[in-house]
Amino acid sequence: MFINYEHNNHIYNVTVERREDQFFITYDNNEYTVIATELKPGQLFIQLGDRVIKSVISQGDENKFVFIDGSIFKVKRIELTGRKKTEKREGDLHSPISGTIVSCKVKEGSPVKKDDIILIIEAMKMEYLIRAPYDGVIKKTYFKEKDQIEIGQLTAEIQKKEEKNGSH
Amino acid sequence: MFKKVLIANRGEIAVRIIKACQEMGIRTVAVYSEVDKNAPHVQIADESINLGDPTPSESYLNIAKIIENATKVHAEAIHPGYGFLAENPDFAKACADTGITFIGPTPEVIRLMGDKIEAKKTIAHADVPVIPGYHGIQQDLSTLLKEGKKIGFPLLVKATAGGGGKGMRIVHAESELEQSIESAKREAKSAFGNDSVFLEQYIDRPRHLEFQILADQHGHVIHLFERECSIQRRHQKIIEETPSPMMTPQLRETMGNAAVAAAKAVGYTNAGTIEFMVDGKQNFYFMEMNTRLQVEHPITEATTGIDLVKWQLRIASGMELTLKQKELTQRGHALECRIYAEDPSNGFLPSIGTLEKVDLPNGPNIRNDTGVETNFHVSPYYDPMLAKLTVNTENREESINKMIWALSHYVVLGVTTNISFLRKVLDHPEFRKGNITTHFIEDYFHNWLVTKEGLPLDALIALAVYDALHTQRQEVVRYKEADPHSPWQHVGRWRMGV
Amino acid sequence: MFKKVLIANRGEIAVRIIKACQEMGIRTVAVYSEVDKNAPHVQIADESINLGDPTPSESYLNIAKIIENATKVHAEAIHPGYGFLAENPDFAKACADTGITFIGPTPEVIRLMGDKIEAKKTIAHADVPVIPGYHGIQQDLSTLLKEGKKIGFPLLVKATAGGGGKGMRIVHAESELEQSIESAKREAKSAFGNDSVFLEQYIDRPRHLEFQILADQHGHVIHLFERECSIQRRHQKIIEETPSPMMTPQLRETMGNAAVAAAKAVGYTNAGTIEFMVDGKQNFYFMEMNTRLQVEHPITEATTGIDLVKWQLRIASGMELTLKQKELTQRGHALECRIYAEDPSNGFLPSIGTLEKVDLPNGPNIRNDTGVETNFHVSPYYDPMLAKLTVNTENREESINKMIWALSHYVVLGVTTNISFLRKVLDHPEFRKGNITTHFIEDYFHNWLVTKEGLPLDALIALAVYDALHTQRQEVVRYKEADPHSPWQHVGRWRMGV
Amino acid sequence: MFINYEHNNHIYNVTVERREDQFFITYDNNEYTVIATELKPGQLFIQLGDRVIKSVISQGDENKFVFIDGSIFKVKRIELTGRKKTEKREGDLHSPISGTIVSCKVKEGSPVKKDDIILIIEAMKMEYLIRAPYDGVIKKTYFKEKDQIEIGQLTAEIQKKEEKNGSH
């Protein structure tokens, strides 16, 4: 079985084959043979030679969380079907949290300077500021005061000052 | 003693109070909003009442609804926990007016201490040192700007009705003053419904120390020693300990006496906390009084052997405080970490989602206070604190080691938490030396990232094993649904070498 | 300090020792027999070794196998826990011979204290009172019968190598003497491989009190106060507490000094316990010394704030005992219950089976020591103690109430346990008054039955709900197996009104 | 759905019908309407009017264990198909435990007096005695020393003294 895991924008290619409680895993041209038991749902007890690997894994809607050695990693299992990852753009105007817009400081057409506040989102009684990543002009705003916003939604678009044409 | 108590709160503190009541033979009534209907505090209570809409103002902050329900179920007293209505004098008054005992001080004391300006004036009269600043009623921008310039920089802008770092700004230069005042006022308005602020001289890199108070209705007031709460992020405590590594027996006595004097000066009753700011020369200044149970009360319980919640209940029911200051002992060392659903490598942004797996560390002298469990959904409606982890041992070094062990065995999957971050803070050489101030996180963990490196090999192996174990089953099921008449022969690719 | 320690035990005590080591940065090696391969102590250890056959003599009691494995993995020390090899001088000797540190006293002291006759003689020389009796080498029936008649009745027959009530008989009349001696000898032979017994004057309704000792290799010996262990069934402790409700400060000092004198008299090192019998007039007699960690050590830890296992490790590694007798404080009250898989309404017969569900109570000052979990199989190979539950509070009454609360929230399904029984004992008026002796269970719970009444209505409702929720699924499955081509239409009767 | 539960030799007849999270239960001519949720496997949260019933139930091979209000009940779900329960006989000669026979004190044909020891079973390092329930003669023994015995197995049969004919 071929599997691709994504973690922090990095992709790991792994193969695994199972024979009863033995697992044959290859990664980065090395093969590892382990014996493993799932003690409780998601709780793995893995023997790799003399060494013991203890891990707890949960399967969410999109991500897996892996607890190992006191650390937790958020990993996505992906299909490599030619799709390219969307790159994170300079000066993120996406909401970092789900919440409510408490203040929108700009209108479409307003000029903004780098680090000017564009809007203020309140979530769990704290405020989060969306600031302009560069000097420019507000091309579009997607939210107004009291609107609900979800994590990852785009708040506004800015036409960068130095640029000749509209898109960025 | 009361026969039935309503707990007007949720999460770990509601669970903790319910257990104390049940041990004392008191029947408990939980309240909950729609999203909390299967929450641990509801499961454990003897009765529970649905308050409806999860918006706090419609449920946990709705005075009328809570009082009405308390009356209906014949609760004799209400414990407010911390946060929500715990420091709301109108709520305490509404309880009194309905003949229900509010477990806390009188509405008058809450109101006085809730007004940070009046609080400082009153406490200063009891010869307890306070910080120079502007605490005037004039709240127009020009007065505040003028007074701010008079105090000088750095200075602090803080909501009069505030608490927990909300409506608070540090101003390093005159040019920032105006925007900071406006933003603090806006936040204060939203959080407390009151945009009044005060200004104060800002002490650079102070420690935050506080003293626990217990006072009965018969004039007995004692303190239960200090808690050091300097480790903060976004002005909110995340690690607390007692005794403080900077404390001396003399200073402890001086500050303890000041705390008792402050409590006596306002006629305080029940459990409360006097917060002090301490500078590098061991000068201390009264900051504020929290007129309720503190989040970090477990470390005091661990080192003194006293159950603060049970004493709150006894004092509220009119019993005498039989603990004597001289007989109290502070033994060993205790440390608390607050477990938050937040991302320390991204500005401590709260993290929302379903807790797919919760498995807590346990062992001697490890205390878990938690209001969540596997499958609990962390919603944006409430504070993202999931749980508290407290340890106590013979000394500070052992407590740090025990806490690191416990955090390394603390499993919360499904949301991002601050657990790895807490471990790193505890293991920092300056933390281990006890060199901590309220700026510790900013000074040493400003641009901290959980993982600079990639996935360790062991994680990949575990993932591969997990997927090999689980893919098979899923595929078999998928197959069955598709074609029930020939159940096995097509599954080959997924059924690895059985 | 050691870098790697092997724990030659299983269950809750192995788990507890492993955690202490890990907090101190010591790597741990668990050993296990086949049936324990997924047991909690194996899961938590850093390494583990399969000892094979579950028969104790082939695994946990197999000295050669354990020493060989310890050498192979380069363990510097072995912690024996309690039971199994903990009081076996040959094991301690074998460790020493291989250059491995045995975490406990010297083989000579273990051997001396293991011989109950020699132990009493030695201790009597240190001016510690002992009970009159026959401790001779002559073990023929006629000598024992003659000596028994000389001591008078009631008298006690006890295995010289014994412990935990095995190989022990009380003889009330001459007519019973012969059969009791024979039966005690047979049990002693089977349990300890040695059928030697002694006879002693039997004190009616005594209390069982013991003192915890810590002694380092540099001549420092301290005691950590008493534990009252009078509540026993089949001569095995089930409830322990400290301080004892009968203790006075004077008697505590006298007995504590006697315990320290006894430990010094034999050159004791590491943790140990001096057991005393106390009669109704506060006379006390040395019974025996347990040369190891005691099952009930958590109550001492709770009231003194000392971690006994960590001190065992420090002492064994040659460190000095820095705790001073004068600085030790005994604070509050602690209570321990042993949770057994046994049936109290049927002679405390052990109960075997799979733990279908384990859910432990938790809250402030509730300590769970457990070596089992959901799906663990309780086998007939080992002691049926599943776990220990310890609480501590400000005083005895609060501890009893907290323990009753905790037991009421203690879920162990799949085997019969003594949990309900423990609750009834704690709630007995004479227990609450502190009027307890080693005969308490016989006196007040002789023919105790869990349920004289039938199933409560609530249980029937819960069962009906459970079956309604679960039958549907089961029946659908059953149907599918029978006829895969028409999956739904025949199921009607079982698919209730969906 | 009709269900019969057996507990301590007593049989309880219950019916239950389900409509979503509502359950209609009849017992002893009373009907109870409850709302119930299974919070975790086997953990029930049941509302009966103002009252809350909290219970944890596990399903073993043969028995259910019901945890309720701090007490645990062992219950069997049975089909009433005309089979009669086997009554527990006077002076039980069945083994109360699984273990090893360490001593057999009698032979077939030996006379025994009431309370004489017939055999000794050792399990988990403790001894359990099987004693004669009445005076009589040993008719049959089923085990010898070192044999393994399982809980509930018959150890021996005794011909009662007063009786004229062999069976008891």
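Order of writing sets the chain letters: A, B, C and D. Residues in each chain are counted from 1.
What we mean here is this: a residue touches a chain if its C-beta (ideal position, glycine included) is under 8 Å from a C-beta of that chain, and two chains touch if they have at least 3 such contacts.
Predicted model only: the values in this text are computed from it and were never measured.
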Quiz item: Of all chains present, which has the mean Cα position farthest from that of chain A?
Solution: D
Practice problem: Return the chain pair with more inter-chain C-beta contacts, choosing between B-D and A-B. | Solution: A-B
Quiz item: When the C-alpha atoms of chain B and chain D are each averaged to a single point, how far apart are the two points in Å?
Solution: 51
Self-check item: Centre-of-Cα separation between chain C and chain B, whole angstrom
Solution: 39
Practice problem: Calculate how many whole Å lie between the centre of chain A and the centre of chain B, each centre taken as the average of the chain's C-alpha atoms. | Solution: 29
Quiz item: Taking each chain's centre as the mean of its CA atoms, how far is chain A from chain D in angstrom?
Solution: 57
Practice problem: Can you check the complex and tell me which residues of chain B touch chain A? | Solution: 166, 183, 186-187, 190-191, 234, 346-347, 349-350, 352-354, 356-357, 359, 380-384, 407-414, 416-417, 419-420, 423, 450-451, 454-472, 494, 496-498
Self-check item: Touch list for chain D against partner chain B, complex
Solution: 37, 39-40, 45, 50, 52, 54
Quiz prompt | Complex contact set, residues of chain D against chain C | solution = 1, 3, 5, 7-8, 10, 12, 14-20, 23, 25, 27, 32, 34, 36, 38, 42, 44, 46, 48, 53, 55-60, 64-75, 77, 96-99, 102-103, 122-128, 151
Quiz prompt | List of chain B residues in touch with chain C within their complex | solution = 16, 19-20, 22-25, 298, 301, 305-307, 310, 329, 331-332, 362-365, 367-369, 392-394, 398, 401-402, 405, 484-485, 487
Quiz item: Given the complex with chain D, which residues does chain B contribute to the contact?
Solution: 38, 43, 46-48, 374-375
